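Chain nomenclature is as follows: A, B, C and D, assigned in order of appearance, with residue numbering initiated at 1 for each chain independently.
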């Protein structure tokens, strides 16, 4: 039963839940956003012992109210949408489900309520609600640039991992357990910490040979950081140049307007025909 | 009462305070700069206990002299400018006010005198005084590039925050309080420290699972650092090439030629007049 | 005796080992990959004491089975290839040998079995097996970009080292042994840790002068990180634009026109034949 | 008295010291390089207590031999050069002098012998000796790119410092002395450590407000790192494109060679005249 009848409650509910054109739809979306934010903040604050001790009951009640609201919303989305299956298995459908389950699970599994922070992903709806099509356009460009660079990025991560495994083993053999290089996996972890220039310092080489090898790893990592940057930069430069055309130095004989497209036959300012063959500069 | 009379004291004071063309104006500006620098240095030194113990009285006196000078200067700027309101609510007007208030406030609020370091912002005047229009040009280009990239930067920070919240929660669940992941907010803080490759190391994962997740976060952060760099690089490269113009999506109603210059009035192909106002896409 | 006879066992073995076109060849390659991965994982786990204590015997047996398999494979590769010397001294030939030796060595040298992680390099074969020519193309581009940038990268590392030696000596003189700057080599190590923005924090300046110098080093390192990135970005951007060709400095002997394509035989301006061999600059 | 006489000892000595064309000149340069390297290594090893205790006398003797050699070389350079003043006040002249003085000074000032590591700068001579004009070309390009970006880099560092002063003061007020933010200068130092993503971790915020502000500083620093990179990338891309020309799609009517320069009148392969006006694609 498709909600084609414009007056049916299903159609009206669909308008409110999925669209943001009507005042009711807008209000619904804004309330939704506030509840998502509130919910994420509460889950985060619950984990702070001192705050939780004082407001535990309040948090508990709000969590349940929000979860019940989200559950109703989830069911309403399924009922009002034309093809429920498409929604249920879409990115947002899965996120919406994952946003309610953890609290119900918390009866059985202690600590699972913290997984409610997955609700943060629901915040991505903000783009749809704020109708920032321009921002979505940017996001799409970004995603496209990343997708097109995926082969390069895959090779890059692969290379980083192989370097980290080899170098990590050497560091384990050189440094040993005294400086915290307890095992090869830990050494490999340290190598990645160093290659990515994060450098926690909880593990650090203390022998001269270890420090020498660390130096090589760091300079390598320093040079290597250039690679993904170069890849994305080049991708971006190329993407960016799609909106630009090359102009030359010929100027219009009528209005003197310079900088015409290479293939221009008429002046874009006054409409006069251009004569590139008479133009010494062209 | 506008200071139009060139011989009025207001006009002369305006020349000295706002312009740097006359010898007096230049002298005023240089004295101002030195006082700003001196003031910032003193506020910083005051916070070093050993230095403060010895020179407290000296610092106190200098601070007050400079503050009174700045207060007089602030009032003089208001009196001599044509439209006082414009100045008072301008960037520099607010900075100038904030540069004097904290010391007066220090009678009531202990420690507020440290806020005098906001005077550092007054140092931005150095560009005006040194008349480095070329540098200002560069600054404007930089600002323009940043403004044009703001949509991309907003999406980028938004994405970083969502990743940090999700990953931070997972780290909290995996590591727990033994390794310093005391709460989700602290874990999210640690995630941002790691994603940005700062890596203080005051908090660091110690369990194998935590270190594995940290590895993924680091490689992610390493790849992600390429994004803002690529954005600004592309923006800069485009800015650098003056031989290219931006084209939009409007198409000619006569020949259908797309991609016209933003300021085009006639089609460059057939000479037909363009009507951007009738173009839904423009 | 070359394996030219298509029915000879040598030819068939060659097909299986070196090619991935036949079902048997594909199966062989996939088994090989799994064994390499398994072997690397086992070497890593062996170094974790708690895991090793429990599964030592199992690991020992698997290690030997895989090593014997690899040894047989190595000999088979030598026998079936047309020019054994080319294989033995090729990159993969050396890696394949290094993948078997350490375990045999472990009878004499304790700990040398950890060097088996060099087998990780064998994982590079994955590219050949998965027939991802596209990925190899990307890898080649990457390698080419790096090779073409090697002069710039060499100068860059050279400059970083000289800065690190000078700055490291100064830090040693300023900070001394109290803050961990025990010797000049250690100080130089610290400088590289700082310049590359890794920043372990196991050694950190505590005197005001040391912190001031550290600030300069950090801002320097921050600016310097832009250099390798810029180099690779530019290299990539250039690679990306297929509409541009490289021109050299030779000039036409007839009309003096400079900047000809590297493969140009005639002047593009006057049609005169070019004589690159007579051109001292070319 | 200029050393114009080709047989004079001055001229011959000049050839040996300043040029690397004759066998004697080459030998001199190589010995010089080895001595510089040896000297730098010895100064570094001298600072390692355990090594110094054992080899102190040996190091002492070698240091003096090298210093006397360098002193003689310095005097010889002054005597044999045409314009001694130009040499003495040149970059290399000053470095050469600074390479000998510290050891003589060590009679008066204890520890000044460590300043001998300034000899590392003499290693820059390696470029001249190895005649790697290509590398010097790269170095010049690099220097030129940096010089042209100096206005942007100046503004950038200026902005970083002002942000660090303001944010450092706030961190001092928020965190206080308990977490190591002992004074504003230390806080500013910490801010630069964080903004540059070095992150030693010797000082780290522990209060929620401090960690929140730190988060903002880090994301700011993360975004800001893009700026110098973008600047240098754009500079490099521009520099790189000097050696490339744009080609279009017209093809030669005689040999079919495609991709000619936009302004080509003759085919660069066969010399045939090109007729862009007959070429529909051009």
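What to note about this one:
Everything that follows uses one rule, which is that contacts are C-beta pairs under 8 Å (C-beta built on N, C-alpha and C of every residue); 3 or more make two chains touch, one makes a residue touch a chain.
These numbers come from a predicted model, not from an experiment.
Distance from the centre of chain D peaks at A, each centre being the average of the chain's Cα atoms. Although chain B and chain C share one sequence, what matters here is the overlap of their interface residues, and that overlap exceeds half of the numbers used.
Between the CA-based centres of chain C and chain D the separation comes to 25 Å, rounded to the whole angstrom. Chain B and chain C have CA centres that are 41 Å apart.
The mean-CA centres of chain B and chain D are about 30 angstrom from one another, to the nearest whole unit.
Multi-chain contact residues of chain C, defined as those touching 2 or more other chains: 156, 185, 197-201, 225, 229, 231, 233, 235, 237, 241. Within the complex, the chain A residues that touch chain B are 40, 43-49, 111, 114-115, 117-118, 120-121, 123-124, 132, 134-135, 138-139, 142, 145, 153, 156-157, 160, 185-186, 189, 192-193, 195-202, 225, 228-229, 231-233, 235-237, 239-241, 243-247, 259-261, 263-273. By the touch criterion stated above, chain C contacts chain B in their complex at residues 197-201, 229, 233, 237. The touching residues of chain B, counted against chain A in their complex, run 151-152, 154-156, 158, 162, 165-166, 168-169, 172-173, 182-185, 188, 194, 197-201, 204, 206, 208, 211-212, 214-215, 218-219, 221-223, 225-227, 229-231, 233-235, 237-238, 243-247, 259-261, 263-273.
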